[in-house]
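The first chain written gets the first letter, and so on, giving A, B, C and D; residue counts start at 1 in each chain.
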Amino acid sequence: MKLKDVQSLEDNRNIDIDKVGVKDLTYPIILKDRSKGEQGTVANIAMSVHLPKEFKGTHMSRFIEILNRHKDNVSIVSCSDILDEMHTVLNSDTTHIELSFPYFINKIAPVSKQSALMDYNCDFVAISDKVKGKDFILTVHVPVTSLCPCSKEISEFSAHNQRSIASISIRYHKKIVWIEDIIEIAESSASAPVYSLLKREDEKFVTEQAYNNPVFVEDIVRNITQKLMNDDRVSWFSVECVNMESIHNHSAYANITIDKRV
Amino acid sequence: MKLKDVQSLEDNRNIDIDKVGVKDLTYPIILKDRSKGEQGTVANIAMSVHLPKEFKGTHMSRFIEILNRHKDNVSIVSCSDILDEMHTVLNSDTTHIELSFPYFINKIAPVSKQSALMDYNCDFVAISDKVKGKDFILTVHVPVTSLCPCSKEISEFSAHNQRSIASISIRYHKKIVWIEDIIEIAESSASAPVYSLLKREDEKFVTEQAYNNPVFVEDIVRNITQKLMNDDRVSWFSVECVNMESIHNHSAYANITIDKRV
Amino acid sequence: MKLKDVQSLEDNRNIDIDKVGVKDLTYPIILKDRSKGEQGTVANIAMSVHLPKEFKGTHMSRFIEILNRHKDNVSIVSCSDILDEMHTVLNSDTTHIELSFPYFINKIAPVSKQSALMDYNCDFVAISDKVKGKDFILTVHVPVTSLCPCSKEISEFSAHNQRSIASISIRYHKKIVWIEDIIEIAESSASAPVYSLLKREDEKFVTEQAYNNPVFVEDIVRNITQKLMNDDRVSWFSVECVNMESIHNHSAYANITIDKRV
Amino acid sequence: MKLKDVQSLEDNRNIDIDKVGVKDLTYPIILKDRSKGEQGTVANIAMSVHLPKEFKGTHMSRFIEILNRHKDNVSIVSCSDILDEMHTVLNSDTTHIELSFPYFINKIAPVSKQSALMDYNCDFVAISDKVKGKDFILTVHVPVTSLCPCSKEISEFSAHNQRSIASISIRYHKKIVWIEDIIEIAESSASAPVYSLLKREDEKFVTEQAYNNPVFVEDIVRNITQKLMNDDRVSWFSVECVNMESIHNHSAYANITIDKRV
């Protein structure tokens, strides 16, 4: 028995759909890192295509088939091939894939030099347009310490400090920008880095380091902006920082977006 | 003793900040509804301003002071006044406020005519720019039932169906568009509305109604688009629908954005 | 036409169901507060009953009908009536209702004496058993500041500090314990309270206050435990504190549960 | 310079702490599966110990050191060794570790026999008490399809159906119970399994399968209970099912907990 292909029926509403596809797929992926080769992690994935007005629907199962054909090799690098395959298999001129995943770094404590894995949440968005070409945006959410310059200035001793999340999104061209590169930019723009393992001598070090480098949420996004403006690999960026204030029940935040191409 | 105003210090990095402010404030608000007057609800609030390159920081506490001055009257309507006050008090040319909140409607079951409150999540974004004027975007997330046309066509009986969330964002001008109006547009574009209270005769009704109105996620966004294209109050819109597929562990989604002003 | 009542059919698997009902209902509620009377807020609600082995199913729509009959008066106080009505309408010997909601307090800054609303997340669980009687558990999640005693001791200056959430659950009998009472117990057990509005003189005050009162996560739960042990209104309690460490990307936590009735 | 060990100071409040430790650690782990060997995934981890009243604090960094010593071998199996190491290194009589992670299965579509990876969220709690011995609880959250028997009975055609999450927690002794075993128990207790990849012939199959096997949320927990009562490997279990109702904006749920040891 041949089952009718309802999705391929003609549609007469004359309306293009910008994006149609699947989302909230959980899937293991492989990532290349700057130092030592490969790491496995787990991603939340969305895949979609542009649907021209002529067609009633896309074929949702094909997204999963494509993903499964790349089963042992879903990665930032293979996203480009996945996008190409989506053009063909789903018969569309514009294809999208989005991955969100934790990335692990073996982080070394500043004094004891003990090391431990630490996670950084990342997003990778890849778009392929048959006319405009490919476009990639990498976002890394970097936890850092921020210590308040106002609190330090006005208080006789100490200063309120807290965990902040500095989120850096970049478009790069010609040369690759590693996740590790972005983490370093964020950490050097805050009061101190954040670690998963700190012994007492390390805790003393980062406490004093933070007090010696007070920054507002405004300073963090400006410091990051200065570095990205001077980085020739980066053609566009958007920086956001959220301070989970230790003296409030709400957060402070700041955002700067700059397109160096215009 | 006069405490130093660190935020007002000059900054020499020469970098404007697009948005700086507070977020994740939880706050009671009052909303006007189409039918009967007012309802109280609770919002998650973000407020921010543009910070010119000359200043080291904004004054975060002033956001809270402004909000508290409008304590018994934070609403979609008063947002315009709040934005104006932010211009003055925070000395900025561009001001933003964002509210997310549940909105309640007394919904009547289709056959038994019994009524019960049902909640709809909404977002309201308001921006005031001294040069460009004010801009408002209202988003309503409407839960609906979707029943799959393909599953109905190919199966001897029944069809898979599920809860979907149709999210409609609009910019309106001249005439107000009520949250209730947007809910009606979404519900009439899906297989059936969703209710909080259904007696047996109602359950029979909506089960059959959904089977008689099968829609893909693509159909929902296209049906909504048709209605918004013909609504003169709406100058721009973005429609997204997410189907929490009953046969999969992931969701299907579709998106259409149209700016009628260009 | 009479529609068949499938739920009332007999079941032959011989298995009682501990709890069956509805959850994730969003609903406006009214709360009495210690100082000034009433406040409106929005709750996430779950309602359930014990289902004896004889019956195939409960009647889900009746939960919503009961809730709607109490429409303008869903509150901690009316929960007792709602439980009684569930016994009758759903024909069950054990009935449950759970509410989670933000509660607002007009909080006064320590030096400037400026006031602003601040939210505290609360949970209220009420159970009625025809044999054992009624049981109520009130939980309040109180954000506070914690400043690390180790970091203070070993560092030449400053100390890492962060927002912590101290969650106190209590069973009380005879006399009412207000949400405000629990907040005070939590705040006086930490390094400093958290506020929604702090002017510069207040920021100086809480910065110094926290440095003068360093506490580990262990100290917070022990300090709270001491107070609850000495509070005759409280017959059982469970205390948890989570520190969102400013120097780590993970949290520290501690928990103590004590039943004074045994 | 020797830095003072504040945590080891004596405490005079005379209060034991039930659990103190770290939580919300994200960490890569390795899992053994029933069929083919090993899979890598990412876990959210909490580790804690009982702290006797004599000590002011535990040593948080040691939890991370233990985890990192097991770096390439954090797994359900190695949890037992980790608990033992925690007894020694943290000098405590009761130690806990909790892991939450997605687990992947290569799932085969019922008619086309095409296969694709599907994820199942799992929790593993392990406790070691020097007196009582070790205790393990494995929870698997299995997405399934539920089709409403009432809606089927009263409607002329079709029936509302939706994604449900059946969560099964078990204590096992003597013989291992695989995650795959629990998934099979849940899927065979619902209207139909859920898949990540279904071609048209499969979609027809599961649509008709669900209509032929209508179940209330009560039926799902009772069907699972029947199977677990007859499984000699299982000594205790708790079953919960949540139906994300396609005709409502809230969920239906049911729960049964049975301790076969009493």
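The rule we apply is simple: contacts are C-beta pairs under 8 Å (C-beta built on N, C-alpha and C of every residue); 3 or more make two chains touch, one makes a residue touch a chain.
Bear in mind the structure is a predicted one, so any value in this text is a computation, not a measurement.
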Candidate from C-D, A-B or B-C with the same interface as A-D, over half of contact pairs in common
B-C
Subunit B against subunit A, contact positions shared by both copies (same if over half, else different)
same
If you average the CA atoms of subunit B and of subunit C, how many Å lie between those two points?
28
What is the distance, in whole Å, between the centres of subunit A and subunit B, each centre taken as the mean of its C-alpha atoms?
25
Could you give the separation in Å between the centres of subunit B and subunit D, each centre being the mean of its C-alpha atoms?
35
Going by the contact rule already set, what residues in subunit C reach two or more other chains?
3, 25-26, 119, 150, 154, 196, 198, 200, 204, 249-250
Work through the pairs of chains, note which ones touch, and then classify the graph as line, ring, star, complete or other.
complete
Within their complex, state which residues of subunit C touch subunit D.
3-4, 6-7, 11, 13, 15-26, 46, 48, 51, 56-58, 60, 149-150, 153-154, 216-219, 221-223, 225-226, 242, 249-257
Touching subunit A in the complex: which residues of subunit D?
3, 5, 25-28, 39-42, 61, 64-65, 67-68, 71, 102, 104, 114-117, 119, 196-201, 204
Given the complex with subunit D, which residues does subunit B contribute to the contact?
118-119, 143, 145, 147-148, 150-151, 154-163, 192, 194-196, 198, 200, 203-204, 206-208, 210-211, 244-250
